[in-house]
Amino acid sequence: MSGVDLLTVGEALVSLRSSGPLLAGGPLSMHLAGAESNVAIGLARLGHRAAWVGRVGGDELGEFVLRQLRAEGVDTTAVRRDPARPTGLMFLERRTADVSRVQYHRAGSAGSALTVDDLRGPLAAGPRMVHLTGITPALSDSAREAAGWAARAAADAGIPVCLDVNHRAGLWSREAARATLFPLAGYASVVVASTDELDLVAQAGADEAAAAAGLLRRGVRTVLVKLGADGVRAYTAEGVRHVAAVPVTAVDTVGAGDAFTAGYLSGHLDGLDLVDRLGRAVTLGAFAVAGHGDWEGLPRRDELSLITGSAAGTTLR
Amino acid sequence: MSGVDLLTVGEALVSLRSSGPLLAGGPLSMHLAGAESNVAIGLARLGHRAAWVGRVGGDELGEFVLRQLRAEGVDTTAVRRDPARPTGLMFLERRTADVSRVQYHRAGSAGSALTVDDLRGPLAAGPRMVHLTGITPALSDSAREAAGWAARAAADAGIPVCLDVNHRAGLWSREAARATLFPLAGYASVVVASTDELDLVAQAGADEAAAAAGLLRRGVRTVLVKLGADGVRAYTAEGVRHVAAVPVTAVDTVGAGDAFTAGYLSGHLDGLDLVDRLGRAVTLGAFAVAGHGDWEGLPRRDELSLITGSAAGTTLR
Amino acid sequence: MSGVDLLTVGEALVSLRSSGPLLAGGPLSMHLAGAESNVAIGLARLGHRAAWVGRVGGDELGEFVLRQLRAEGVDTTAVRRDPARPTGLMFLERRTADVSRVQYHRAGSAGSALTVDDLRGPLAAGPRMVHLTGITPALSDSAREAAGWAARAAADAGIPVCLDVNHRAGLWSREAARATLFPLAGYASVVVASTDELDLVAQAGADEAAAAAGLLRRGVRTVLVKLGADGVRAYTAEGVRHVAAVPVTAVDTVGAGDAFTAGYLSGHLDGLDLVDRLGRAVTLGAFAVAGHGDWEGLPRRDELSLITGSAAGTTLR
Amino acid sequence: MSGVDLLTVGEALVSLRSSGPLLAGGPLSMHLAGAESNVAIGLARLGHRAAWVGRVGGDELGEFVLRQLRAEGVDTTAVRRDPARPTGLMFLERRTADVSRVQYHRAGSAGSALTVDDLRGPLAAGPRMVHLTGITPALSDSAREAAGWAARAAADAGIPVCLDVNHRAGLWSREAARATLFPLAGYASVVVASTDELDLVAQAGADEAAAAAGLLRRGVRTVLVKLGADGVRAYTAEGVRHVAAVPVTAVDTVGAGDAFTAGYLSGHLDGLDLVDRLGRAVTLGAFAVAGHGDWEGLPRRDELSLITGSAAGTTLR
Amino acid sequence: MSGVDLLTVGEALVSLRSSGPLLAGGPLSMHLAGAESNVAIGLARLGHRAAWVGRVGGDELGEFVLRQLRAEGVDTTAVRRDPARPTGLMFLERRTADVSRVQYHRAGSAGSALTVDDLRGPLAAGPRMVHLTGITPALSDSAREAAGWAARAAADAGIPVCLDVNHRAGLWSREAARATLFPLAGYASVVVASTDELDLVAQAGADEAAAAAGLLRRGVRTVLVKLGADGVRAYTAEGVRHVAAVPVTAVDTVGAGDAFTAGYLSGHLDGLDLVDRLGRAVTLGAFAVAGHGDWEGLPRRDELSLITGSAAGTTLR
Amino acid sequence: MSGVDLLTVGEALVSLRSSGPLLAGGPLSMHLAGAESNVAIGLARLGHRAAWVGRVGGDELGEFVLRQLRAEGVDTTAVRRDPARPTGLMFLERRTADVSRVQYHRAGSAGSALTVDDLRGPLAAGPRMVHLTGITPALSDSAREAAGWAARAAADAGIPVCLDVNHRAGLWSREAARATLFPLAGYASVVVASTDELDLVAQAGADEAAAAAGLLRRGVRTVLVKLGADGVRAYTAEGVRHVAAVPVTAVDTVGAGDAFTAGYLSGHLDGLDLVDRLGRAVTLGAFAVAGHGDWEGLPRRDELSLITGSAAGTTLR
């Protein structure tokens, strides 16, 4: 696992998708899901060396998860199989054209049994960056401990940490999330949040600008506020920048945030300046929403130019 | 069948749907269809006790119809199996993205053989409301007689009747429809019509307001004019109210009118005031158009809040 | 329509197939069905000029039927569209692995409205042979009259007639069938029947040999008794011949009899002797049962050698 | 819930079936599963009044389970929704043409939280018979207690109990199973077991005949030993009877044992003698293996004659 | 092949469509593709006698192509089977909601082996019009020669030629295309081009109006500039006309240009004036984009009125 | 690529499978195909380190091939992308239940452009074994040269070579095959052939035993004669051994030979004796025929015991 550009840590799940109401009992399609593995795939598709670490069960669903990650060229050598626990599951139900619902079956999952020991090796191998999300600490006590350890250890080793807040209301309360994520953010170099997540890593009552300023004061170098169809605002010591989203036909918004993060980190690894990093971020976000699946539509490097913001209905012959 | 909130009377069909031109011969999906059974399902999903009465064949398609109704919790104890006639069929062809075509195979069907006798028992059981549509009288002489009898008998018993005009040009002419439906409307407490159906239950030449006024004069308490994407206008003794449609991504408009009616009647059964009844009506209409199928997307009571008019692309985790 | 080798007369239907119990409501696939059109396709695939005549509705299902027949190179120029009647339908339900059930929706269909006038033109064009089945006379009075007329007119014109008894218990009783088919067989040159159908065209109480002898005495040249997996016995003035079936993995026996007849008639048109005609008949039967669908698996002339009776699990690279 | 013929108690699950290796990630189909609900459906299809009691989650999977049971006419009025626990899941993977594998996700499920209190009402309503399996006691302490209570309470009330041993090696060891099931069998009127399950309810070291004799001595009236393709042996006070299986093309053996039990109990409820009860049992077993799904192929009463043991490749027109 | 209204010349391919990224390996659907065969189908559906000529392989893909053309009523009697070469293939990948990609496998295909001799017969039969595209000359030397010969021979015989520029960047450069297509356009009566194709058939540096004027000077009677969602501009000796597109929900823009051309030519064959020809052209274009597939959604004559520009969400019952 | 247990060399293709006649145009599924990659996957699933080397196009089909190989854990680091040539294709058509047909589209493919230079690196890395088939030399002159070089170079380096004759009649004649393969076999340590392939690597006119003896005399250590359902005969210096096939329900025989070879080589790498190597070979063959796809059903090491030869209809719970 030496020479990895990005190490991501978290739980990878099997997502069972229905195209309509779940109670009707239609066919389900199996997908790899997980915010951190989405980011790893986004980077691997762009040619970076990305690794994912976490636990999967000793079951066939675990085999599925590993097959998908390997197919995408993500380094899985540090993944641990946990024969005593099942691989986590989620149902993603398209309830209406506009509303999707998630039901998690991840209590007691292999992924939630992550420990500090699982992470020592991969971190010691010296990745260029580490990516964490606010989901992992919500999974279990040991996972929270592991995520916290990883952030601190990376920061101590001078490895920049990217933290995506990614609040999951189905897993914990905002209060519990804030208690854990606020201190965690202090170890991050990059913090990614949507507008309504920002207060989970900021002082109480702060508006967006104040929250971002507070993070910058605590040592965060870049605060990225995801605005959905309105793009992104980035706060750094140099000030604030807004970059608009790339207009595309949206067919599936799941995974857009992870794609955005992957694009930003790719730009960082490539040494791009802030505006170009943000440009890559919104481009990857556009690929994600213009394709079905959480990560299946993400681009290779040679495909980045396919989405130009004016390409509706194009056929390339 | 005692204690039923709503009794609906009509023909339930098997709808065979193609996702493209029928002549191409692609796969067909089977669905339960029928304006009245749609309304019954809409109410049952919201927790009301709804019954449907009509005839289905002794064939496997009849079994399918009954299985679907039972699955939805609709009371089918009064349904009659007619071993001598087939269950009615329709083909619903999506000819273009915007144009669907129906072909009925219901001539001589079990459903069209409905008689007054089929309805005596269910009506005697004393439902709180009765729902009829202008489709049933178009099916056969005996069905017309049965629908007329049901309207009169309910009115005589003080049970409010809801009549949805639902003109089917493939079944009869506007002239024939008017000759039957105009008098029928006189027994109704609620009349539901789209703009171009109103003259089938009103004096010749009347505009919308005059037509509604005429119906109110004849004893109708509420006239609901469905305006599609523009919502609904309701005429009562208190005047006229307009309620806008709830904006959603429309994927299938079939069944929207029945959903609307179900929502209104649910509000009525819950004792809501007019504006809240209309609000529930447009909410159910929104669920119907934002989901595939005639009724498959209708909400349970705990789901009513899922559609808020601003929820495009939401994933609830 | 000049120069046709074989004219087939009957009703072509749309067959809606389920792969499991129909009441469960799974997807249906659309297929062209009809004993006579099956025979026409069997001959057209082998390079003969085959025509089918009958009525289809003015509906999209009629378009489907015509598209399929044209795709297979069957001459449809004499087909009549009947705008007042729907195209006939059938449901073919695979109830268990071994038991399929048919439900017809052909009462009042366009196909059942066949008349003598529909057949005058095609018969006047002078086909080399005419094929009829015992299904057509069961459809309606006019269809029975038309089938009888066609048999007599062809016989009068010296055109050999092939009659496949094809008793359909769902359409008429054995008594009614016998009353019509017994005299009809007297005009035939070739009579095809399964063992339990033979008494419908023979004197009461006759065993197989006696029944065949009776038919030969009445002018039939060849009596083919289909034995299913046991092959065929052919009775002619020269005596009786048995040819075994070609062993294959059977996946769908529907259409096997029609394929058999098509193979026999193809051999006849090619001038083969009896044994070779029978050989082609059982070969086509084998193709039919080794493939899904009523006729979809039938061979082109260059494919006849693919089934050799010992080819289980062969991959030709 | 008054007037029920058979009360079944257990856990109903959502079964996610793959048609090939699960790790390949192909589509999954959703099915209702559960030995006890299978039996309830088998009886309901035959026209008996059958109820199922157990817990399902407050989730959409629970809605699916209830929709399926209601569609089949099973009484679900005593089912309890458990909002705090998910509905149980299982994956059923067709690993090879001959080998299927099950993975359970039922630890902590709603179904496993069954309690004695859940059963008091349904049992007090006085069903004619009660059906239990050896799966329920394996689910949790409270479920084991509930199953034991139900057996004793029914026996005390003079309601015959049917116990299907149904050992699930994935849930508990043979030792644990024996410790619970041996005493439980003492309350049963009918015990159903496969050959290798008999020792779980018999004295150690007994062969089949001795094990059956032991059960009969302990008060069991009928011991049914399922022999798969070899049929069944029934032990009663009158001696031993063997009935052969009905030969059909087997496409899916899952659920065959439950179908067998349902057939036997139906015969019991109909007052048939032993041989006819066994005949119905093997007929239902044949329907189950000749169709896909655990229960989807089970017959209505009018369909019992479809399987005759000589019907391979029959099409009923 | 006598009495043909329109003869089209080109390569018909098998198009393998994926609904998502091709690298994911999902199912592919098979379609007939080819600009010229699309035009032939468009005319045949409207009741014109249309023929297509070209080569297909002796393989099963060639059978597929012929089946589709025959199904649509296109005259295929002049098609040549080329046993030594495969039928051409293309992959049509929906990469994102807005971007499709084509990969051709037509190098060395049967279709690319077209020769002048293949065309002599069909042209001698005297069609009323001939349709060519700029794709055929890009396929091979012999195909280029054949296309040129056809244009000249038709022009010499007084048969109007329609040339659709249809530049395929995957087959040749703009320079190579211009060298061939510029002279070819001189033989055409109708030239169809999109805005960015016009310079391939015009003098260098000319704007749209100047390019059209140049073509008119060289003898072209009508120059049609396709503007996509903006409709069409037609240049003739009488001046320039713009006709707007018919607004529909666009689901698949592939084939829209061919549909447009077919509509225009149909109007020409019907003797309509320019505005009505353009009206039919944009109507067929609307059908094409409002349906899936290259040609599958094209209308019969009785369906032309289905698209009216205001019919969103209509269900015809 | 260091430390590889088995290096396989050849062409990996995209196989497009139809479940029925190809001319009907049903959906196609995409699969990775290729005898050598099948063997590599078979070994990787069993935990060996397997590498595949060859060329794939720069196209999306090439991406698909690489994704599949990576998913299976096959080392692809030496694979070369050839931007100028397409990835090879084949159609695998299930023509009847018993007969499948292959059509190759691999002329001019990237895979056929294999050169000696492509193999120098991987061979220099020192794999423990090398696997070649008789397909590669049939693809092109350069591929023939490469295969020959690899066999000689491996033999020179003391690396055992396994040659599977795998005659493809669609690619070359038996004479051409023999001219190349006879000398090639001289470098092999293991030769695998079906009965009718043996004469391509043996002296003219020799029977099986003589052919095997001849190969042994030329230095081959083990000659494996595949007998399909009859198992295998192995010839070594110690004599001849026959091992029966493992009886399973056969659903897809494609890939069985490659599975067999993979099993044998796995046993070899594990140091098993001949009989156990053959046992693993027939076990893997059984997995292949009992599952759909060329390699998709192959077992992991922990699954080897699932197929025991008596497991028909087993469900493991």
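When the chains are written out, they are named A, B, C, D, E and F in that same order, and each has its own residue count from 1.
Everything below uses one rule, namely that contacts are C-beta pairs under 8 Å (C-beta built on N, C-alpha and C of every residue); 3 or more make two chains touch, one makes a residue touch a chain.
A quick note: this is a predicted structure, and the numbers were derived from the prediction, not measured.
Asker: Among the chains, which has its CA centre at the largest distance from chain C's?
Answerer: Most distant chain from chain C: A.
Asker: State the chain with the largest centre-to-centre distance from chain D, centres being mean CA positions.
Answerer: Result for the farthest chain: E.
Asker: Examine where the copies chain B and chain E touch and state whether the two sides share over half of their residue numbers (same) or under half (different).
Answerer: The interface is built from different residue numbers on each side, given that under half of them are used by both copies.
Asker: With chain centres taken as the means of their Cα atoms, state the distance from chain A to chain E in Å.
Answerer: The answer is 46 Å.
Asker: Report, in whole Å, the distance between the mean C-alpha point of chain A and the mean C-alpha point of chain F.
Answerer: 40
Asker: Which chain E residues reach two or more other chains?
Answerer: Counting only residues that touch two or more other chains, chain E contributes 21, 24, 63, 67-68, 101, 250.
Asker: Can you name every chain pair that touches?
Answerer: After working through each pair, the chains in contact turn out to be A-B, A-D, A-E, A-F, B-C, B-D, B-E, C-D, C-E, C-F, D-F, E-F.
Asker: Spell out the part of chain C that touches chain F in their complex, as residue ranges.
Answerer: Per the touch definition, chain C meets chain F at residues 248-251, 287, 290-293, 296-297, 303, 306-307, 311-317.
Asker: Mind pulling up the chain C residues that touch chain B in the complex?
Answerer: Per the touch definition, chain C meets chain B at residues 16, 21-31, 59-61, 63-64, 67-68, 86, 89, 91, 93, 101, 103, 105, 107-108.
Asker: Along chain C, where are the residues that touch chain D in the complex?
Answerer: 20-21, 24, 92, 95-102, 104, 168-170, 228, 250, 253-254
Asker: Given the complex with chain D, which residues does chain B contribute to the contact?
Answerer: 63, 67-68, 70-73, 300
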